[in-house]
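Have a look at these structures, which come just after this line.
Across the two complexes that follow, subunit A remains constant while its partner is subunit B and subsequently subunit C.
Now for the complex of A and B:
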C-alpha cells in the first residue's frame, strides 16, 4: 500500500514533469518521486500555480533484516532453502550477472553472503597470515553501511567474493527486498550491524558432528578404499587437521556471537545410541531467547514448565532408536531462554504429523504446514531429524515476525493522496 | 594363473540423509583384484554420473576445485610440518576448507536443484567458451 505525502514547494519556475516510476520487481519497494504540476483553474487572482512534489514510497516499510551465523558456506545452505521456501518460490542467483555470485534472490527474500565483505582476498589473507574467520579480513564498515542502506530502501553495489578464484570481483546491484538475510561467519560480530537485525540465528554444530559431516562432504566412497594408493586430496587426517587448525580462530571470533542470537540451533551427537560416532542420528536443541519482539518461543504442552516427552508408545510406533523430546526454561549466557530439544529421527510421515500436532506456538497457517514443508524438501539433508524440523519452524517464526512488523507499520496513519 | 574377482556395489540412497551433504545415488564402482604370482594389485574402475552439469564452464569449475583441493591439502601438510600452531598453517588449512566447501556447494546445487548454476548466465551468453554444452 503506498503512502503519499503531498508537499508544495516554492521552487524555481521549472517545467514540471511526471517521471514514470521505474518498473519494480515484485517484492522490491523503492522510493518513487513524481513531479506534478497542478494547474490553477481558478480565476486570474494572480497567484501562480506552485509546483507540487508528491513523494511516494511504496509500503513505507523498511526491509526486515535477518542474520544467520553459519560455518557451512553461503547462501546455498539447506537452511536458506527451507527459509525461502516458507515464503514461497525458489531462490536463485541474480539472472545474467556474475555466475560466481553468492547472492540468492526469490520473490520475497534476498540472501547475501557476508564473504562478499572480505577486505582481503585469498592472496591478501595469505600474505597477512589471517584466516577468513579473522575480523581483520572483513570490512565491517562497508557491511554496516550497505545493510543500513538496504534496510532503509536504498539499493547498493555490493562487492562479490569469488570462492573459486579467491578474488574480489566487480560489484553487483542489490535492490532492497522485503526480507534481507545476511548469512556468513560474522553477522553479529559488529555491534552496529547487530542493531540492524530484526532477528538473528546461530547454527551451532558440535565438533563431533562437524567432523562426521565433513567426512561425508569431502570423502567419497572411492577415497575411503584408497588404502594402498597414494593419498591425494582429503583423508580422515586432513579433515581432522583442517578443523583443528581453524578452531582457535573459530572459538575466538565466531563462537562468541552465540550469546547475541535470538535463536540458536545446536546440533549434537545423539544420546540414544551409546558411543555413536556416525553422526547420523542427531540431538538438536532449539534455544530461543525470551522477550524478543515479535517472537514467541515454541513450546510443548505447557509453556514455561519442564517436559520430557517420548511420543513413541501406544498411539505411535517408532523404529530404533526412536524419538525423545525435551522442553524447558533455562539460562544461556545470562539470558532467559526456552529450549526445545529433539533427539532421534523420523521414519514415517505419521510420526512427523503426530509431533507437529503436539507443538505449540509454531506459527503455522494451517494444520500440518510443518509436515508439508518437510515433505516438500524430503531430499534435503536433515529432513528426518531435528535440524530440518527446527529450521522449518524457525522459518515459520520468521514469516510470523515479518508479518507482525509489516502490519504494525501499515497501521500507522495513512495520508490520502490529495492531488 | 591370475584370478579376477569382480564385485559391484551400487551406492545406496539413504531415504532421508542427515548429513549436510547427501550421498550420491548414482555412484557405482567396481573393484578388481588381481592375484598374479602372489603379487596383488588393486585397481579400480569408477562410473560416476554427475549431477545435471550441462555446461563446460561448470565441469571446468568442478575440475579446478578438485585439483585445488588436492594441491592445497598437500601444501597445508607441508607448511604445518614445521609448526602446527603457526599462522601459515592456520591459513593453509583455512584455504583447504574454503575450496572444499566451494566444491561441495557446487555439487549440492547440481544434485538438489538439478540445474546447472550457469543456466541463466548461459542463456544470455550462449557463445562463450564456458557455455559450450558439456558432453560426457
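Now for the complex of A and C:
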C-alpha cells in the first residue's frame, strides 16, 4: 500500500492546498503524484496554487531509470527507437493525448523528453535572454520529484513543452513503466536526478560532424527551394554562426555531464579518408565506464588489452574506405573506461554479422541479434555505421541491466525465505 | 629393394670406377650412395678418381627435407636446437666421428651444414678471390645428389668442411633420418636442391641488428681484454667495414633466396623505443606463405584480417617498453603471405602463456606447449622475444608438416585396400 505525503517544492516541510489538476484526469490515481506550480508565467497548466508535491512511497515494483543526454531535440531520436525496439513492440505517443506530446510509450519502456521541464517557454526565454540550454530555463526540482516518484512506482502528471508553439501545454499522465528513459539536455545536470539513474548515456556529436550534418540538411532544403549558390554560401556562414552561438551555454551546461555518463557514444569524422569533411563516413567511439553495477563493457577479442582490427581482408571484402575497429582500456575524466571504436561503414549484411561474431559481452540472447536489430531498422539513420551499431548494443546492454536488476530483486526475498 | 646406378657428376651417362671410400666405412652400406671427387685441390678425402655417384631408388620410407637459409655459421644455431627439441631428444654430433663435424643428430632429425659442400677451402677461396657466399666456392651438383639420395632413403658419405682449419676433412656417413634439415648459406640457391625441399625457411637478420649484435659481442670481448676507448672506436669502424665487405655477395647470392622461402623470420630493430640502436629489444616478423601443402599459417584472433594487439593492459602487466603484436595478410615478392609480428620482449612466464593462448594454428599437441618449449630452453638466446617464439612455432609447424606427410603416405595404401 502506498503512503503519501504533501509538501511544497520550496520547503519540503510546509503544507500546501491541493486541488484536482486541470485537464488530463478528474481525481487522484492510485500511486500518483500531482504537481502544481506557483509561477503564472508558465503557459497552459492553469494551476495557480504554490508548487505542491504529493509523494507516495514505493509499492513492490520499481522502475529502472535510464538517462540519455544529447544536444539535439527529443522524441524523434533514432537512438530511442532502437532502444525500445530491443524490448519488442513499437514506441508510440500516448493514445488520445496531446498530439504534440514528446513522450514515447511501448510495452516495457516510456521515454520522456526533458524539454517538458522547461520552466520558461520560448517567449519567456527570449524575454530573459537565456537559451533552453541554460539551467535557469529548466525546473530541476520538478524533474527530480517526478522522476523520483515514477522510479518508486507512482504515476505523475508531467507537463508538456510544445515544440511547435513553444508554449507549455497542460500536463499528461505518466504511469510508472518497467523502464523509464529520460532524454534531453540535462539528465545528469542535477545531482539529485543523477542519483536516480540506474544507467546514463551521453551522446557526444563532435562539432565537425554537427556542422557537416546541418550543412547536408540545409543544403538539401535549399536545393529543393532552388536557391542560388550565393545564398548557399550565406547559409554556410549562418549555420556556423548558429552553432557558435549555442557553444558557450553548451560548453557550460551540457558538455560537463559526460563525465558522469556510464556510456558515451562519441561521433567523430572518419580517419580513413584523409581530410574528409563530408561527415558521411563516421568514426564512432563507445566509451564504457568500468565498475558499473550490472554493466560489463563490450570487448573485442581480448578483454583489457589494446587491439586494432581491420576485418576486411581474405574472409571479408569491404569497399573503400573499409572498416577499422579499435578496442582498449583508457581513462575518461579520471574514470577507468574501455573504449570500442568503429571507423567506416558496412556495405552489406555479411560485414555486420562478421563484426558481431567477433564482439564479446554484447548481451545478445541469440547469435546475430545485433544484426537482426540493425536489419529491422535498416532505414534508420546510422544503420550502416558505428552510431547504429553502438546504439543497438547499448540497447541490449540496458535490457541486460534491467533483467539483472529485476532478477536480483526477485532473488532477494527467496534468499530471505531460505534463512 | 633398392636399385642402384653409377655415373659421374660431370656426365650422368658416363661410367666411373668405384673404390671403397677412405675412412669412415669399409664397404657399401645398404641404401648408400658413395661420392668421389676428381679435384685434387680438395683437402682430406684422399680420393683420386673422377667424381662418381651411385644412386639407389627409394625404399618404402622417405625423408622429409627442410631447408634453412641463414647468413651466419652452422651447427651452433639456436634455431636448430629449438627445432630438434620439439621432436624430443637432444641433437648431438655423430658419435665417434670427426670432432669438428658440423652435423647434429637426434632421434628424428639430422641437421647438416651446407658449408660442407664448399668446393674451395679457405686457401682455395683466397687464391681465387671469392668468398664462401659465392656459388663458385660451393659444389651444388654434389649437394643436390646427396640431398636427393638421403630424401629417397639412401645413406651418403658427406664431406666435412672444418671451420677450425678451413680445410675439407674426410667425409662422414649420413644415414637417412626421418627429417633432414639442410642449414646454411644456399639451401634454396640451386633449383634442383630447392625442388627437393618439403619446407623452406629464411632467417633474415636486418643489417641494423647484425651490426648491433656484432658490436655487443666485440665490445664484450674488448672489455675483457681491457682495451681503451680509442680502440673501441676503431673496432666499430672495422665491424662496419667487414659487414659492408660481405654485402655485395650477400645481396647477390644469399638474399634472393628469401623469395622462395615458405617462411621467413625477419629480425628488425624495435619500434617501441624511439631511435633505438642497442639491438636488445627486437621486432620480429614471421612471414608465412599461403597455399603451401601441409602448412597453414599461424594467426591472431581472426584469420585473414588485419590486427594489432598490445596484450599488456588490465589482465597482463608488462614492463617498459611493453609488447606489441601485429597480424595480417600481405604480399611478399609477389606471393600471398600472412605476417605475424612481435615487437618487444617477455619479462615473465605469464606473458608468454597469455600470448600463446591467443594464437591459433600453432600446431601444439597440448595447451601451453610453446611456453613449455621456451621455458625448457630459457637460456637460449632470444627466449624472451620474437626470435625464440617464432623459431619454436616454426618447429611445431614442421613437426605438424612431417606428421601430415607421414600420415598421408600411410593413408594412401589404406585407401587402396578399401577400393
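Definition applied: the second predicted complex is superposed on the first by the 338 of 419 C-alpha atoms of A that agree within 3 Å, B and C clash if a C-alpha of one lies under 4 Å from a C-alpha of the other, contacts with A are read in each partner's own complex, and residues count from 1 in each chain.
The rule is simple: a residue touches a chain if its C-beta (ideal position, glycine included) is under 8 Å from a C-beta of that chain, and two chains touch if they have at least 3 such contacts.
Remember, predicted model here, so these are calculated numbers, not experimental data.
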Which partner does A:376 contact after superposing on A: first (subunit B), second (subunit C), both, neither?
neither
Classify the contacts of A:129 with the two partner chains as first (subunit B alone), second (subunit C alone), both, or neither.
first
Classify the contacts of A:217 with the two partner chains as first (subunit B alone), second (subunit C alone), both, or neither.
first
Considering only touches as defined above, state whether A:384 meets subunit B (first), subunit C (second), both or neither.
first
Is it subunit B or subunit C that touches the larger share of residues in subunit A?
B
What is the contact status of A:279 with respect to subunit B (first) and subunit C (second): first, second, both, or neither?
first
Using the touch definition from the top, say if A:194 reaches subunit B (first), subunit C (second), both or neither.
neither
With the two structures laid over each other on chain A, which partner does A:304 touch: subunit B (first), subunit C (second), both, or neither?
second
Using the superposition on chain A as set up above, list the residues of subunit A that contact both subunit B and subunit C.
none
Flag every residue of subunit A that touches subunit B in the complex, lowest number first.
72-74, 76, 78, 81, 90, 92-93, 95-97, 99, 122, 125-126, 129-133, 163-164, 166, 212-214, 216-218, 220-222, 225, 228, 232-234, 238, 241-242, 245-246, 248-249, 279-282, 345-346, 378-385, 387
Interfacial residue positions of subunit C with respect to subunit A in the complex:
301-316, 328-329, 358
Spell out the residues on subunit B that touch subunit A in their complex, using ranges where they run on.
11, 15-24, 27, 29, 31, 42, 44, 46, 57, 61, 64-66, 69-70, 73, 76-77, 80, 84, 87-102, 104-105, 108-109, 112-113, 117-118, 120-121, 123-124, 130
